[in-house]
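There are two complexes below, and they share subunit A, which is joined by subunit B in the first and by subunit C in the second.
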Partner chain A sequence: MEQVSTVKKRDRGTRALILPSAAMLLFISIIPLCLLVLFSFVDGNVTVGRGIDGFTIGNFVRAFSSAMVPKLLGKSFLISLIVTLICIGIGYPAAWAIAKVVKPQRRNILVMMAAVPALISQLLLIYTIMKLLQPGSVLMEPLARLGIIADTDTILYSSKAVIFILVYEYLPYMILCLYSVLEKIDDRVLEAARTLGAGNYRIFRDIILPQSFPGLFSGILIIFIPAAGSFVEPDIAGGPYGMMIGSLINTQYNTSLNMGYGAALSLILLVLMALALLVINFIMSTAERKIGGKINA
Partner chain B sequence: MKIKRIVCLIAAAAMAFSLAACGGGNGGNSGGNEGGGADSGSAADAGEEMDFSGQTLTVANWSDYATDQEYGAAAFEELYNCNVEFYDITSYPELLQTMLSGGQSTIDVVNINPMYIQQYYGEGVITPIDTSRISCYDELREDITGIDDVLTPDGGVLGVPWIWGTTSMFYNADAVDGSEIDSWADLWDPQYAGKVAFFDDYTNCIMIAALVNGDDPYDPDLDAVQAKLMELKPNIRTIWSTYDDFMSAITSGQVVIGNAWPSNITELRNQGMNIEYIYPSEGTIGWADYFCLVDGSAETDLAMAWIDFCTGHDFQYAMATEVQPHTPANEAVMATLDDETLANLWLTNPPERMYMSLYMDNDTLQRWIDLWTEVQAS
Partner chain C sequence: MPKNRRKISGTRVFFTVWIILTMVFLFFPIAQIILMSFNTSVYGRLPIVFTTQWYVKLFTTSKLLGAAGFSLGFSLVVSLVSAVLGIMASLALRKFPTRLNNIFNTLMDVPLMIPWLVQAVSLLLLFSFVGIGRSIPSMFLGCLAAVMPHSFMLTYSRVMTMDPYPEEAGRTLGATPFQVFRDITFRMIFPAVLAGWLMSFVLCFNCFSLQYYLAPFGTYTLPMKIFTLIRSGSKPDMNALATIMVGITFAIILILNKIGFGADQLFGAPRRGEKE
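This part shows the complex of A and B:
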């Protein structure tokens, strides 16, 4: 009986510890999400302390009947996908190098270095990268001198510049997510596989990749959704064809003062991104099963 | 000693009397004018009569926009022994939203474009101003003072103009190969493909396209405007919205022509760029900003002193003669500016035709915003 009572007390203690994070989840995630759904049906603007003009499905009708919205959604989705894939492509070898190649005592400093861009102001990062992409800059000048590009060539004010900036902004998150799982892979397992005759590709496919799926999925989650909703980067560096869905949503809040429509667009984007993540999750689960069963890292 | 003191006191009193009011003299502000062009004007009398020590005035304005310079808030604080805090505007609709949601209680004075003044008044955010307390009110540029857009239905004045200017056309003279540029239509010239900087503002974009189409810029055929703006897109390199965006694009040589604010162009010229700012033959786009009194402000007297100060001679003169000059709304100050200052303001030959950004009803506003958004998204 005494043992049961101790377990119950421990359970109560655990629940009490969970309370702050549960409250945070409620106030910064669940309630705002409910408000987003509610506001997406509001006719016109939403102002604290004032009444609402009424509810309507007109915001969704307007969004689905617009030729502009699907176009911007498709473009945002594509740019976000490219950014995520590039982050994976660069992030994997970088995270592997930090986790397994460099000496253990240097890992912390390299992890910190990888995280530095995430600690810098977003606007400062954008303007700095724009300077780097200008013709004659330290990045472009050598390329021009080598004859790879013309003196006046630059990707500035195009979607390529937006992708470049977004990759720079989000790459640290992918490296950190992958590093956290790659570091846990037991070196002895890799050695055993090698001893049994597995090549690098097989080791990657059958051991490293399945064990890094949780980190990979976290990285995709952190990058894919916010990248699709970006508006500062396309507005500043995207040029006349750079507009993404985030810019249209921003216009509803900053210029048109039509929060109802802005909320409806945000909700549509959120649902589409959630569906995309479900698909990605399904693909990864299938791959895990095909490779050799689910491995919980 | 006593005689000396009495003489000094009489002299000081005589000076103060002679500087009594803006119309008949100046206000005795010790700041003075470096160029000596204008009388000091306005606010200091009130500064001597009223005690604002320890009080704080909150002003909503764009950042790095004259009032937050040394000759602005710092001079005002010194004059009235008070504190000035700024609320940085990012957009007028967003500011309105903030004020309606509670920010109204902390802001005393707000700088608003006439396009939005009626909207702010309709929402109960601003209140009419007693213009008799603005000593230089009669000196303010007549065509922007007391216009319909800043009046209540019963004639109350909602805003006092303190600055005006143009968003006109510029070109890099070294990059246009001697081509004669005098029309907005030149922006559409295929030789400038990918070299145009265009201001991200639906009013400017639509009015410019309307002028090129030969249409009424206040009530244009919007389909024709949209088609015209779509024609321009291949020429646009960047759609700029901030000072940094614009300066970055032009200094890197990415753009050679477009529309901009004159202060930016003056700054670029001072940096050695061979750049011209012109008023196209079709007419140019003008704007003016107004200080408005927030309804329910706890610092009404200080707020009025601020508006008085910002339309007074010292501030207006300093504003026109600084490195990044702004055009004063005070005509008496304008009359004192020398040729070099006028050249820096690009007003040696003022625009013959200027179309001001004015208030429009909500439906029209939404149509204009949607049009520009669609052009950008296409």
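This part shows the complex of A and C:
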């Protein structure tokens, strides 16, 4: 009897270890997000020491009646979509090559190498790409000498540069997500399909693609959401017309100082992202059903 | 049969070339910066004339070093706290029913699913509301919330899959709970803890948005310093610093690889995949 009660007491002690992280999660992750709804109705700024001036629905009226906000939202999601698609286009064959084509002993080092850019500071990556794209750089100078581009040609300070930088930043994540699922595909199944006469396309459609869906989905998730909310890249490399919705939100906090309006914009962005997620989820599950049925059901 | 073989090797060549090109795409910009850090030209122009003057400048007169030092210390503290919280939460969750575990895990995913800009905005509003505004404690809490899920994730999956019998044996033989933890549990989960700590260190060092929004005025972390310098012309000492940081990143990745963590595990790809 006593034995049982000490075990219980010990368990209770261990359970209490959850408290700091649970508190952190609640107060610094969940509650601030819920409060975002409240703050999006704030009139003007939230100032330290003075609190809130008053509440208004003006922020939403302003956002929805402005011509710029829908345009920026559309542009942000479009850029994000393009970036995601390019990452899939480059990342899928690359992940397949690492998982199934290269020698097994080289696999590990290649995966690790693919991860290096993901662990380098975002600002440094932006800096390296800017240096690469500026006229006279190691890349541009030879291209100009060969006559492929004009001396002063550059895609810097345009949406193209933003897309280039975002692809460079997020490609590693797509490769890693896809690699983790492609690597699990059984070689014997591929061999069996080939023996039974299936061509490359058939094997891809019926075996590889359905089994890679979970990785593809998490890759899209990891790229699409932050890319749509990016503000540093358009700010630095986007030029005068490169602005995205993140830039506008950022302006509300660091230049024009209208935090309430910024909160409303953030909330709109979050809601649209949730909707985009639902759409992506729907497309993926429909495709999954159409192609090969649920593998992990 | 020979025809079939030739076809396979054709695709082999395609994929081999593809992965080489992808790696070139990923590493050419980095290699270029490393090259330029040893080049005399201030504007990163060819031809290359070898010099180490930018490294000398970095360690003597550059303003970058102070920010780098601050970032280093700050990230070290945040990642250590994050690792400790991750261990505590993982051990506690073992004693909870599965349903509660799943809820906690889902909530842990929330910070991972939200753009850092939005997280930074909501935290700045909250901290301004409660009166601490932009300050070191705000920045500390914000970065901790952003990186802690990563160290938790790695430690938790190790704790849940570890063999429970060595701990049981220790207890039966009369070890105190602390002894069991120190001599058995901690040793068994150590690789995961180390990986989680290194990951949160790297992520905290790099989480620009949160630092940018929550740092007090006048305090500059390294990413913030780069952000302000990036537009003000060429900074060759930045190339030198970038080269050193790339070196450190390689070292960290080699360590993680040595203790048996694949890159795909570190970014939580399989865990997210399983949920689908």
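FYI, the second predicted complex is superposed on the first by the 260 of 297 C-alpha atoms of A that agree within 3 Å, B and C clash if a C-alpha of one lies under 4 Å from a C-alpha of the other, contacts with A are read in each partner's own complex, and residues count from 1 in each chain.
We adopt the following convention: a contact is a pair of C-beta atoms (placed from the backbone, for glycine too) under 8 Å apart; a residue touches a chain by one contact, two chains touch by 3 or more.
Nothing here was measured: the structure is a model prediction, and the numbers come from that model.
S.K.: After aligning the two structures on subunit A, examine subunit B and subunit C and state clash or fit.
M.R.: Verdict on subunit A: clash between subunit B and subunit C.
S.K.: Does the superposition put A:Lys71 against subunit B (first), subunit C (second), both, or neither?
M.R.: After superposing on A, A:Lys71 lies in contact with subunit B but is clear of subunit C.
S.K.: Quick one: classify A:Tyr253 as touching subunit B (first), subunit C (second), both or neither.
M.R.: Both partners.
S.K.: Under the stated touch criterion, which partner chain does A:Ile225 make contact with: subunit B (first), subunit C (second), both, or neither?
M.R.: Touch partner of A:Ile225: subunit C, not subunit B.
S.K.: On the A-aligned overlay, A:Met130 touches which partner chain: subunit B = first, subunit C = second, or both, or neither?
M.R.: Both partners, subunit B and subunit C.
S.K.: Is A:Leu171 in contact with subunit B, with subunit C, with both, or with neither (first, second, both, neither)?
M.R.: After superposition on chain A, A:Leu171 lies in contact with subunit C alone.
S.K.: Touch check for A:Ile88: first (subunit B), second (subunit C), both, or neither?
M.R.: neither
S.K.: Determine, under the contact definition given at the top, whether A:Ile236 touches first (subunit B), second (subunit C), both, or neither.
M.R.: It touches subunit B and subunit C both.
S.K.: Touch check for A:Ala276: first (subunit B), second (subunit C), both, or neither?
M.R.: Once the two structures are laid over each other on A, A:Ala276 reaches no partner at all.
S.K.: Which chain, subunit B or subunit C, ends up touching more residues of subunit A in the combined arrangement?
M.R.: In the superposed model, C touches more residues of subunit A.
S.K.: Could you point to the stretch of subunit C, among 127-135, 145-153, 199-207 or 253-261, that collides with subunit B in the superposition?
M.R.: After superposing on chain A, the stretch of subunit C hitting subunit B is 127-135.
S.K.: In the superposed view, which residues of subunit A touch subunit B and also subunit C?
M.R.: Dual-contact residues (subunit A): 47-49, 127, 130-131, 134, 136, 236, 253.
S.K.: Which of the residues in subunit C end up touching subunit A in this complex?
M.R.: 4, 11-12, 14-16, 18-19, 22-23, 25-30, 32-33, 35-36, 43-46, 85-86, 88-89, 91-96, 104, 107-108, 110-111, 113-119, 121-126, 128-129, 131-133, 141-142, 144-145, 148, 152, 177, 202, 205-206, 208-209, 213, 222-223, 226-227, 230-231, 238-239, 242, 245-246, 249-250, 252-254, 256-257, 262-267, 269-270, 272-274, 276
S.K.: Show which residues of subunit A lie in contact with subunit B when the two form their complex.
M.R.: Touching subunit B: residues 45, 47-50, 68, 71-72, 127, 130-131, 134-136, 152, 154, 156-157, 235-236, 239-241, 243, 247-248, 251, 253-258 of subunit A.
S.K.: For the complex, which residues does subunit B have touching subunit A?
M.R.: Subunit B residues touching subunit A: 90-91, 93-94, 96-97, 100-102, 198, 200, 202, 233, 236-239, 241, 244-245, 248-249, 252-254, 366, 369-370, 373-374, 376-378.
S.K.: Show me the residue ranges of subunit A that touch subunit C in the complex, using the header's touch definition.
M.R.: Residues in contact with subunit C: 10-11, 13-18, 20-22, 24-25, 28-33, 35-36, 39, 46-49, 51-52, 90-91, 93-94, 96-98, 101-102, 108-132, 134, 136-139, 141, 168, 171-173, 175-177, 179-181, 183, 194, 200, 213-215, 217-219, 221-222, 225-226, 228-232, 236, 246, 249-250, 253, 259, 262-263, 266, 269-270, 273, 296.
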